[in-house]
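The same subunit A turns up in both complexes below, where it pairs with subunit B and then with subunit C.
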Partner chain A sequence: MLNVEHLSIHFEERGKREDAVKNVSFQLADGEILGIVGESGSGKTMTALTIAGLKKPYAVIDGGSVWLDGMDLLKLDDAQMRSVQGAQIGMIFQEPMSALNPTMKIGKQLEEVLILHTKLSKEERRNKVFAAMEDVELRNPGELYDKYPHELSGGMRQRAMLAAAIVCRPKLLIADEPTTALDVQTQDGILELLKKLNQKYGMSILFISHNLRVVEKLCGRVLVMKSGEVVEEGSVEGIFGNPQTEYTKELIAAIPTACGKNEGDKSTVDEAGMEKDMWEPRKVLEVRNLNAYYREGRARRQILQDVSFALYEGEIVGLVGESGSGKTTLCKCVLGLLKDYEGEVIHHTKRPQMIFQDPYGSLNPRKTIGWILEEPLKVQGGFTKEERKRKAEEMLERVHLPKEFYKRYPRELSGGQRQRVSIATALMTGTKFILADEPLSALDVTVQAQMIALLKELQEKEKICYLFVSHDLDVVHMLCDRVLRVEKKQVTV
Partner chain B sequence: MKYVTKKILGLIITLLIVSMLTFFAFELIPGDPARSILGTDGTSEQVQALREEMGLNRPLPQRYGEWVLDFLHGDMGNSYYYQKSVQDLIGDRIPITVTMTLLSFSMILLLSVAVSIFSVRYANRLFDRIFLIVDQVTMSVPPFFIGIIFTAVFGLAFHWFTPGGYVSYEKDMGGFIGYLILPSLAIALPRAAMAAKLLRSSLLDEMQKDYVRTAYSRGNGPWRVLLRHVLGNGILPVVTFLGMTAADIIANSIVVEQVFGIPGVGRMLISSISKRDYPVVEAIIVLIAVVTLVLNTLVDVLYKKLDKRIELI
Partner chain C sequence: MKYKGRSYNFTLGLGITVFMVALILLGFLWTPYDPDAMQGSLKLNAPSLLHLFGTDQFGRDILSRVLVGAGSTLVIAVGTIVIGGAIGVILGAVCGYFGGWLDEGVMRICDALAAFPSVLLALVIISIAGSGKYKVMAALGIAFIPSFARIVRGEFMRLRESDFVISARLVGVSTPRILFVHILPNILPSLLSSLAIGFNNAALAEAGLSYLGIGVQPPDASLGRMLSESQTYLASGVWCAIFPGIFLVLLVLGVGLLGEGILDRFGGGR
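Right, the complex of A and B next:
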């Protein structure tokens, strides 16, 4: 049904030319679910956007064709393409909050597709919208119709996106990382829904993701892309059971697994360590009987109730919970950013340092890496210029970055390198306690694996304690010694 | 609707403060109204007698209280100069200035929205480039000067209207509005240029958002995306700016009324200031404050209505 032949695309910006997609060919049959995996920059999203007619003007098609039911989409003019978009190709995206218009009612956004592609009466349109909402298992369509996106939860927003994408019953649904921004429980719901829609309407799905676990659950066939090329193609069983290329093996090895063989090794080591108990583990943080509140207008809402726990030197503790469960509130209390709490938060080491999800946003873009690293030392005082530089360079080595980075700017670094700098900056203060808020979510799987190795290395060598906030349960299981779960105002260990 | 009540309450308090400041400020200005009415010929006994008669010897808070109460009843006091009540003097001038203000306001809104939408649709193309230059120039020309140019070009060269040939609204409503169009435009142009520039960059920012891509993926054409999706979101930051222009429009109308010879409140204000006719000046200042604040409140309420993310609390 969908037949992509020798598709090549390059980017052209300010005279620079960069190949994005190189000679990509694949087919998608009626009712099939095809997954495309690869890290960012592999050309998977570019391919999908081109099929959907949504590529940016700076992306230039060099050649190839995209056949949808005997019609070459690349040869259509704008008006012809618009009649295909939404009607024959539906698309959903990664971040359902920003992908929906914030000031338009959910119902109107669904109805819009019908206004554009059908001549139905107002009433017929409304019925179709309700039916689509039921298809994606959104309860109370009548009520949801008049709601705005911000009034919905993340999972409901993605369902609403999906409803709009399927309301015209397209033959092809393109899903670009639709579950990446959701937590695991919600992810599974969306995956099941996609499967159901695929069976119910025989709709083909092109599923793009960097998360191989998700692809394995959903897709029948997989395409592995790297640097704009298809490196491997095959059935899910084939790709996962018997990967042919090095790259695919690497990708599969990088999947964080809850019950992989790494896990077995680790737990025995941990048990041995605990049993030996050579050194009395020093507490770095104690939280006793914490009640935390949050102000919403006049109402004072209790977020956490009677929470007590302690963290010890050299351990990695995961902090998990659904969004809105109070993870962030707990972190704020620990950091001293939220004052409205009862109970005790005792630090036994220097103040904790925090690293964030987006390492670009949290590094001052106008300063060199060296300047950023030296700042904590300047604040402490008592170091000469040479000492500061030496310490900064040492620190770069400790996080496995070349010394030359001292003179670089954040924008010249990749995401993984920037996150290393964030960790280095946190360690510069001499703290033994780092609070990491989703530090890996913005990174590719392979980079993630490298970062996990670094975090573990620092933990073992330098007895750094991490409180690791994440909604990715796989990563948490792989990395953490203990897990704190925030649920219904309570924290369970 | 608690939000609206809160806003109206705030508006009343602000008005009280403005009236108080105005009233006391005129008390502090050197110069005795009784003396200025009588001129240099009046003896000090005559001045004393007149002060007694005008009630100027009573304590200040009492006079303020009476002034406010009378004002609420529509009695704005008596002009020192014309021997007429203030409401009679400015009553038939208020509709003129209010009409001009509203005309200007709608022109700013229409012009900035229309021009910036075209400019964003053809961003970085010829229309957009020309727009940016013209916009920059328009922004930097003050309204009274635009008024002078209009008079010269449309009045003296093309004879589209007779400069100074103001038509009263009581005689000919069409002619009245027609005469006010050019002055209103003179006031509106610089502000419209600013609003257009703000709106253009706000719309361009919105065009980069993810929901725009979603809109295209549903088969929307570029115009529909702009009008249905982007405009509603992109106009929000500009609405606040429009609220602030209200005061500016009225301030400019004072000068532009001079240029076009329109017998509005602004002209009255200027002549009253030079004649030290304090009751008239006070009344006009309070009226300007009322119009400005009401427009501002309307814009605030409108903003909350437009931005669905803010709930009306």
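Right, the complex of A and C next:
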């Protein structure tokens, strides 16, 4: 049905040429689910956007063709392409909030697709919209019809976007990292749904993800891409069971697995943990009888009720819970960013520090890495300029970054390198406690593995205690000594 | 294509601005004739080699007067955005970062100020305080505070919750330092471009006020004053209006393009 032949694309920005997609060919049969995996920059999204006719203006197609049912999509003009988009190709993205129009009611947005592509009457359109909402298992379509995107949860938005993509019953659905921004439970729901739609309507799905676990669950066939080229192609069983190339092996090895630690391992860890407690029971953080509140207009809602726990030096503690469970509130209390609480939060170390999820937002874009690293020292005072520089450079080495980064700006660094700088900045304050909020979820699997190694190294060498917030249970089980679960205002260990 | 067209704005704007400012600076130091010297025999002479831009109804050299007049327009416009910009940035930063009742109060006052056209507001202030170069500057500066405060406030509200600001707070950076060392540099592109727009509005407002006869007082020259005086002689000496007009347009165009160019070049992306 879909046939991509020898597709090559390059970017041109400020005179620099960069090959994004190199001679890529593949086929997608009717009713098939094909996964494309690879790190960011591997060209997978570029390929998908080109098929959907949404290529960026600075991307130039060098050659090749994209056949959809005997029609070369690359040869269509804008108007013809628009009639194909939505009607024959539906697309969903990673971030449903930015893909939905915030000022338009959900129902209207779904209807708009029908207005553009069909000549149905108002009644018929309404019925189709309700049918699509039922297809994606949104409850109470009548009520949702008149809601705005911000009134929906992340999972519901993703479903609404999916409804908009399938309301015209396209033959091909392109899904670009549709589950990456969701927590695990919601993720599974969306995957189930995609499977059902595929079976019910025979819709072909092109599923793009860097998360191999998700691809394994959903897809029949997988394409592995690296720096613009297809390095391996095969059935899911083949790729996961018997990977041919080094790169695929690396990707698979980097998947965090819950079964990585067997029962025997666990007991030794527990013993080690107990040993630690007996030998040096040095607390870094104590939370006693914490009640936290959140102000919503005039109402004061209780988010956490009677929460108590303690964290010790050199341990990694996971913090899990569904979105909306109060994870973020707990973090804010611990960091002292939320003042509306009762109970005690006691720090036995210097200021607690934090590593953020988005490596692109956590470093001041107008300052050099050196400046950012020296800021904690300037706050403490009492260092000369040379001392500050020396300490900053030492710190760069401790997180395995070259000294030369001192003069660089955040935009010149990759996501993983930026996360390392974030860790370095936190350590510059001399703290022993770091709160890490989803620090890995924006990174590629291979970079994730390197980051995990760094976190572990610092934990062992410097006795840093991490509170590791994540919705990726696999990572949590692999990395953490203990897990705190936030549920129904309570925290259980 | 679009990309190239945009970067053109910056270059062209910078070129025109530098050229105009250079001419004006020259005017401070040297003019072909004394801008205020009247010569009865040379009333309303058309442009010639002796008087490149011609002479006005009192026989004064228009080139000299345009240079000096553009100088006072420039000084007033710069003074206005310095006063309005400085107070506006501080107010906007504090309001945007802290929010709450302070923000509510200050912004309502700004709304009230902005409800008057800035020229009208300046008119009121001048009629109370009296006219003159520096009073015009102060009056326009006050009238321009709300527009800067709004822009800066919006940007600070956007950035106060950003990860790098939270991380600076956790490190223990003091609030003034967060405001002006951590956040302010990040809003420079939009601030500079709004300053450029403010500059243009100020230059035009000054011309407007002088045109109404309450700006720069005679015999001092300003572009607005010259335009105002020349209207009586439009039929007999059109050059009296054309050259000050061209100067004003070029000055405003140059700075306007520059502002646009700054936003295109440095505002986009991260």
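Brief remarks on what is shown
Assume the second predicted complex is superposed on the first by the 475 of 493 C-alpha atoms of A that agree within 3 Å, B and C clash if a C-alpha of one lies under 4 Å from a C-alpha of the other, contacts with A are read in each partner's own complex, and residues count from 1 in each chain.
The working rule: contacts are C-beta pairs under 8 Å (C-beta built on N, C-alpha and C of every residue); 3 or more make two chains touch, one makes a residue touch a chain.
Keep in mind that what you see is a predicted model, and the values were worked out from it rather than measured.
Applying the stated contact rule after C-alpha superposition, one finds that A:363 touches subunit C and leaves subunit B untouched.
In the superposition on chain A, contact of A:318 is made with neither subunit B nor subunit C. Shared-chain residue A:155: touches no atom of subunit B or subunit C.
In the overlay built on the shared chain, the residue A:352 is in contact with subunit C alone; subunit B does not reach it. Of the two partner chains placed by superposition, only subunit C is touched by A:411; subunit B is not.
Using the contact criterion defined above for the overlaid structures, shared-chain residue A:141 touches neither subunit B nor subunit C, since it reaches no partner. Within the superposed three-chain model, A:85 lies in touch with subunit B and out of touch with subunit C [touch as defined at top]. With the contact threshold set out at the top, not one residue of subunit A is in contact with subunit B in one structure and with subunit C in the other.
Contacts from subunit A toward subunit B in the complex involve residues 52-54, 78-79, 82-87, 89-91, 93, 95, 98-104, 112-113, 116-117, 148, 150, 161, 164-165, 297. Residue ranges of subunit C in contact with subunit A, taken from their complex: 2-3, 162-164, 166-174, 182, 185-186, 188, 270.
By the touch criterion stated above, subunit B contacts subunit A in their complex at residues 209-211, 213-221, 224, 228-229, 232-233, 306-309, 313. Within the complex, the subunit A residues that touch subunit C are 57-58, 335, 337, 351-354, 356, 358, 360-367, 375-376, 379-380, 411, 422, 425, 428-429.
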